[in-house]
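Same chain, two partners: chain A is paired with chain B first, then with chain C.
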Partner chain A sequence: MLNRRNFLKIGAATPIVVGGVALSNAKQLSVYSGKDFSPATGLERIAIPSACWQCVTRCPNISYVEDGRLVKIEGQPASIRTHGVMCAKGQGGVNQYTDPDRVLYPMRRIGKRGEGKWKRVSWDEALSEITGRLKKLRDDGTPEKFMFHYGRMKASHSKLIKSAFLGTYGTGTIGNHTSICEGAKWVAQELTWGGHYDNWDFDNTNYVLNFGSNVFEAGTNHIPTSHRLIARMADKRIRVVTFDVRLSNTAAKSDEWVPIIPGTDRAVVLAMCNVIMSEGLYKGEGEAFLEFCKVTPGASATLEEKVTALKAHLKDYTPEWAETVSGVPAAKTAEIARDFATVKPACVISYRGAVANHHGADTERAIQMLAAITGNVDNPGGRCKAVGPKWKYPKGPKNKPKSRKLKILDGLPGAAKLPNHHVSHQVLQMIKDGSAGRPDVYMWYCYTPVYANGQVQENIDILKDETLVPFSVCVNPFYDESAALADIILPDTPYTERWTWEDMVSPAQIPEYYIRQPVVKPLGECRDFADVCIEMADRMGFPLGIKSHEEFVKQSCEMTPDVKKAGGFEYMKANGVYHDPEAKPRYFSYRKALPPEKYLAETVVKDPATGVYWDWKKAKLASAQEALEKGYVATKKSYKAYVGQEINGVVYSGFKPDKVNKSGYFEIYSEIMEAKDLPAMPSWTPIPEYEAKKPDDLILTTYKVAEQIHSRSANCKFLSEIFHDNPAWINPKTAKEKGIDEGDSIKVNSSFGEIVIKARVTPVVVPGTIAIAHHCGHWEYGRYASGEVAPKAAGSPGGDERDSARIWWNGERGVHPNWIIGNVADPISGQLRWMDTVVSVTKA
Partner chain B sequence: MRLTNSTQTSDVASQYLAKTASERSQLYGLLAAVFRWEPEAGLLDQIKSPALAQALSDCQIDPGLDFFGKAGKNPVEELAIEYTRLFCGPGHHISPHESVQLKRGSGTLWGEETVVVKRTIEAAGFDYDQYFNGIPDHVSVELEYLAKLVSVEANCWRTENYTDAENALGWQHQFIAKHVGKWIPVFCRKVKDQAQMPFYAAFASLLRQFIAGEKAEITDRRKKACRNQQTVSPQIVTGTQL
Partner chain C sequence: MKNSDVNLSRRNLVAKAGLGAAAAVATATLPKPAKAEATDRTVQYAMVIDTRRCVGCHACSVACKAEFDVPLGETRSWVEYIEKGEYPNVSRQFLPRLCNQCSDPPCVRVCPTGATYKRKEDGIVVVDADICIGCKYCMQACPYDARFINPRTGTADKCDFCLHRVSQGIAPACVNTCQGRARIFGDMNDPDSEVAKLIATEPVTVLRQEMGTKPNVYYIAADHTDDGDARFQHQYLRVDTHRRAKERR
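Here is the complex of A and B:
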């Protein structure tokens, strides 16, 4: 039989007879050795280990410098997370540095806001104005009127800017972008197993069931996970099944693509759970894991009671019922459920396709339940708790004030019941509303509130209105749609010109420490904003005790035991990454039995209602008596005092809570949800807009592609040359009903506005939907994104340079779907609902 | 002025060449200052000085500075805004860098062309100032480089060091032919088209004409020197900071 294994046997049996003729043996294969050579001179380029910042994954990289120029970025072969693989976005990062439209100097608005008139100012002038305003707010006792809103701010940037600078300044009015990203997943995971972030152990899995993750193109921890999945599929021929509205590249590479109506994944997951419970497929690993699950009220249910409760809850969620909701044939749901429950180990994965919709957090809870009842939680080959490095770092001044904040972070009244990570896409609406106060200074960093959120026109109107936003500061290396509406622009450095220690989670289940270091000098007067914060603190009279971000990283390297042992800062500068070669992958962390001295300590009590051991002193209570009287659940932020969970007479580390006062059980039944009048068990809740939609309405869904980040990469010419247009995918059946042909202009209307976009008639999208990619339709962000080429000279044959003339995609820059997507929130988590906007579609 | 065999150059002629070179250097310097930063009051005062104003007028160059006084506007402030709009952005602007502007060039900041410019300047013996935080192929840097080269030339004429004077001319010739002459004329046309005030349009016009004249003059002189077998290979001029 001819197969690869048999071929290899021939190779193994062959004596070593192939000798060198023209080539000597390579000492080390350069392709994989972190070396690169100039094609012009043949000289070795300087290789600097650093890290990417294009997407949240932040892969370690090697940046190659020739003649002082960054010429190439590749993966870091020594990385345990990436194994040297780097995506297109990461390689396209060289364009961030050389973007001819970069902002190189601080800028002050002249004339009306948004008019486009600017004056270059010195850093001193810019910071004098900003700190003058900030100091007054602080001195007046109203630091909360300084709102800081960030998009991507992780690791040492977060510790230095948020914890040290903003913490010492005293504002808690700090917005993020989690609600437009994966807030629903995080909240659901906090409700079930504690801290957020799930890792998918593709290295060891034998089956992957995917709900709405485009793992081969985008998403959290993209390359570290995707290259592992590809390897596993190739090496072990494991089965991958993808539920998605459209044939993404992930779906196309899967063994099976199951089309599904947007926002209905939960119905299918519930039906799968029904099949598994009703057919007894939970027995074995699933049954064993139920010991660690909370499935009923209270904390004392037996296994039998848990099984009974699950069966009772799931009994109406049959595959036949799910078919009526999701369009997925009942037999298919049952077949996949059986496969998933019987192939061990198996990994269920999910992302925005499944959760960025109405009650999306409950979909993630249902997926957690599916993993639980099949025993695929935190096990080799299953859905694991994330493992990341634990850096030690300077904390800044000890005596930080108690922060004050405006209550504008968690959305409009009633928007979300558990906004653990805020509803930041509604911040501007809250500012407009004004009932919870307004910031006097609104500063945003690595964020584009205009473009990244829904209801673009309203975002523009609010940011332009000086009565609503009296003073605004944009920190950005680039002039994007939001920068255009700022009063001051501070030119940040792109990631190729800054320091950071990094901490993204590792799918190897072994933590990886890594750093980012400048590979080139900052261009113009660009400055790392972390350094700017250090200066602003000095100017306002509360020095942080840190000289620079570089110094912060250096100190952190020396303070962190593992890194120090490896050689500290100098080692990290030379190598970029470190992991303990002796470390073993971490699994089953919840099963660790605590030694008695941990839970019998003087300040620890057992909460009779939940079986949680908790430290009343850490919970800021006066005594054990007070703790027992108030109880664990009712004490504010008691989760921070969690010690362990008693289960059948043993105290385990359990599933340590984060953000909410859950028990140490894996909570399928959530009393926290119940207390908020939300379903205690993962349940189907009809989508109100679907219930009200007219027969010929469609559902708009969105997606990301492999070559672009959501909103911060269209200035990269390498990437925009590949992906710059986003025609709306529409199924031929639906198109025919509406008289739409391929390439037609179509009007897409929602209750938030109208866009006109080209139609791509394709069978690889579910009938009744329309799918539009993000990334496109920029009207700022430089020539490659917006098509606004630099000025041409009269009589000059071309643009101002080669690339202007070569932007062949001018006029094909796509349409931004966010004009018609509402800043609406999942009522549970506050997640922006990217996937279930009801629209009407007509030929333009 | 005709350049004959340098060994036959008379004292009078060399002093004349020194004076001319000195003036050329000053003009390069003025243009470098105009395009480097937003104008400071001191620079505008110099431009308004009777001698310079008359000289500009003689060349039919009107920077339009009288307008500000009549309109009750602050020229420093207004020209700072104009400078930002034209050369800094943010957004739509005319990048004052060779690597961005050069036709069939890289089209990027810090492109391959930037490296060539930096190497050329450094090979000529100049160092970038440690406090310089611009990009090495900024229009003002290239003009300053020429100003310094021409200044060296002037000194050589003044001391009757004809060989080094020819060297300096050779460097100028090379730099104008390979760099300045290739992109600055188009850059100047863009500035003229996009300017909303006469100031930068006027100086762009002056710069374009001056470069064209320099190109023709130096080429002519070099050709004649070649004919007289006086070609001297450029050598490194050391010890000067840019």
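Here is the complex of A and C:
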């Protein structure tokens, strides 16, 4: 607000700067200054380099403090990942801090579970009860009965909480959330090129082919990739083609949106591969890359054999066939295949739209194949192996017990054949089932098992049932739908009040080191849960030898050579972010020929069946003889002992395996898949639910928007003010058939339940589908998300309540689709199938 | 009422209210590059929004909300979506909106107290909250729906191109956060500035040119379709304002 007093204050506060400005010209305005000023007083705000935690991308930021309060967040100009820009979610992070519905003190329920009656307890009381139970389980030799389930836990939080604390405690019953995120991509990438995370080198690409990624609104490495893509599109006019079931903002910005029936992207990808192979468009870069590909059984094959095998496998996957499956015109598929194979370099990208469905992992494998046969793998401008920083850090106590775990992490029997990253959305069902045991203590951290998974009602019923879940602890800065069902809530700090070293991958193909540091003092009695773990370990008599998370970050900075060189902890506190200015972008990592001393070492043998050189000692075998007898593939976790891959007489670093015992080839043909009775080569497998679908049934698909993260941002008032309602998108043709008009209430039924939701009749979605956004329909998470004020423990100071009476979207809060989405899994990877639920839709 | 009179009285008020040296500094606060550079050129800040580079992400909207702690229900800066066509030939365009800092601002013309005025130093249209009586004439007069009554002060409020930042030599908050670098800000009277060059070389448009307001927010490749067009074209059109006011002006 501008007024006379402000004029005076601005002048009086910073006369020197003002004088400078008076001399400056408008053209010298700095866009990425790392400075901000108060509009009210004109005073410079205190700038603290830190990092975001809204979505998994975790961009470095600069947080601005005024009068001891966090008031503004901007991008970090020194970051090579973001170049100083920031998304709406990152900007909205200021609201996490001031949310008046924050939990500020430990709370214990006093009513029935889920009744909403709480009392404030001291940390000592809360931790005495928790560690009393945990210590007994440990002393009884059943540490696995402590289940820890996390949603977002990365970098130093993961090392301290998971590796040091839980590792020393001895439980392996540790759940994650990858299966509701991108598990299908990870598993597919592990099967083809080893470790997960694909980076899209938009800085250098000349063509982008997109299957189901909404890169301009969301995604694993959102801003670092999206701002590069829009720059490339605007500056170089590169062509972008997006396959999606609806017109996402990414599809809208693309040169072409190709509508496709949900869950059928693989058919189109296979047909594109067919066109490229049958028309000889693989020649050149694709042909050269085939040398590093495994396309046939066995350790090696000639180029001719590989080409023949690919052509034979793809023969029936014609564009005409793909049209019958996907609805994409055959000519369109062929045209785009030719473009993609001809423009160099080209980048094929993918995300949940393509993979969160039946055999979604095979779709990602098919996409990997498409990148391979056009030579667009780990090359400038292509689909690259991600590069991230390698921190060194204190490991905690040396002597950790062998962990014990309940077998409840990988889903119901038969749910998934390669659940490399678990089937977290079926954990509660496994607890209910009970045949693999049940945890006595179920603790969750930065996670909302009720809201984030499918089958919400069942999640509620299980968590409420004290015979199934005897004791539950929620670690959360906020009172969400799951916190409401806990026995004890431990108030975590929002990300604005804690330490972390951070490690997200860099689309510059150069690693970036960065830290998060507290911007403000924790409100109330909130504590970083990593610090709480250090205390719990002390209380249980196994001190971690780490004083605090801050100390852990400090030591890591001094232990990590690159960071130490830059100036260690003090440098990182002052600057927030570091990358080696001399570093060159990393490409073609697989092509490095190994020096003989590496693969001729005493403990290394060659596996004749695969051509893999591996270290038998690292594989915990007794001798080379034993290794040769057992073989690389059959030895448990032999991938950890991988050294290199022999290809045509040269031993290369190759595509190093992770999680599975694959070879060092880029495996288009997977014997691991084959051994599980899954297609060895990426293949079309009909979707059983589609086969059984009635003619007037629709397919429900879900999506995310630019202004919210999946389930942890609806409490941010500035974000929910923009996006708070999620009417179901339905094509006018489909709506007409069902007599549905714009704004009508409609019933959407699946085999898991029914929701009633408003219809938005719009041509920006494929006929025969219904698209419902995530993020909405909260019934807790505070006033901005749900209208429900969080229960306050006595004596809690309120947050910023000034806007409480100004919430204008009451009654427009949308409906959560997860009530009717099954906790079903891709039979390959265990990925939750967000995109292919068959539903019936009628006017309510 | 003559604009120049209003502006003069504005400055007089400031001077009278000030206390000696502080008052002198206060007036020096406001950027006066023309004087400093000893040229007779005046500054007119302007923004060019290249919608080809806008991905509709709303980072600008939220950055603005945070920068000014804008109360819920009100917006200084927002992004409209314009969706149209028939399946499968459909499009969604993004139109970032803010005060146009007009060179012939209707809000200034109707302000009965002189609280709203266009700064001579830089062409930014501002509201002096100490003088504004909250009569809402300016809200009625603005053809862009850029103004609101701030519920915390009871006075008119709107985008001021982040005067508090610009006067310190840094770009507005929305420009800073924009991932597509779709917003280019600067002095359009400086022929070497990027905005001046873009205005000179690109087919820029302004919103509601027919109103004669002479906006200083220019657009490249903006979609100006509004509800009126839909009536004639008999096709699907949806305009989402993403603000409390669902109707677009």
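Here is the rule we go by: the second predicted complex is superposed on the first by the 800 of 844 C-alpha atoms of A that agree within 3 Å, B and C clash if a C-alpha of one lies under 4 Å from a C-alpha of the other, contacts with A are read in each partner's own complex, and residues count from 1 in each chain.
As a convention for this text, a contact is a pair of C-beta atoms (placed from the backbone, for glycine too) under 8 Å apart; a residue touches a chain by one contact, two chains touch by 3 or more.
Just so it is clear, the structure is predicted and the values come from calculations on it, not from any experiment.
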item: A:P380 touches, of chain B and chain C: first, second, both or neither?; value: neither
item: Touch count on chain A, higher of chain B and chain C; value: C
item: Partner chain in contact with A:F718 - chain B first, chain C second, else both or neither; value: second
item: Which of chain B and chain C A:G437 touches, first, second, both or neither; value: neither
item: Partner chain in contact with A:G327 - chain B first, chain C second, else both or neither; value: neither
item: Partner chain in contact with A:P397 - chain B first, chain C second, else both or neither; value: neither
item: Common interface positions of chain A, toward chain B and toward chain C; value: 802-803, 806
item: Chain A contact footprint on chain C (complex, rising order); value: 13-14, 17-19, 22-23, 25-33, 35-37, 43, 45, 50, 52-53, 55-59, 61-63, 65-69, 71-73, 83, 85-88, 90-94, 122, 126-130, 150-153, 155, 157, 160, 162-171, 173, 175-181, 185-187, 190, 192-194, 236, 238, 242, 244
item: Residue ranges of chain B touching chain A (in the complex, touch as defined); value: 38, 77, 80-81, 83-85, 88-95, 97, 100-112, 114-115, 118-119, 133-135, 186-187, 189-190, 193-194
item: Of all residues in chain A, those that touch chain C in their complex; value: 1-8, 10-12, 14-15, 17-33, 35-39, 42, 44, 71-75, 84-88, 90-92, 94, 216-217, 223, 226-227, 230-231, 233-234, 247, 249-250, 252-253, 257, 259, 706-707, 717-719, 721-723, 731-733, 762-764, 767, 802-803, 806-808
item: Residues of chain A that touch chain B when the two form their complex; value: 67-69, 95, 97-105, 107, 110, 116-120, 479, 483-484, 489, 520, 523-525, 780, 788, 790-796, 798, 800-804, 806
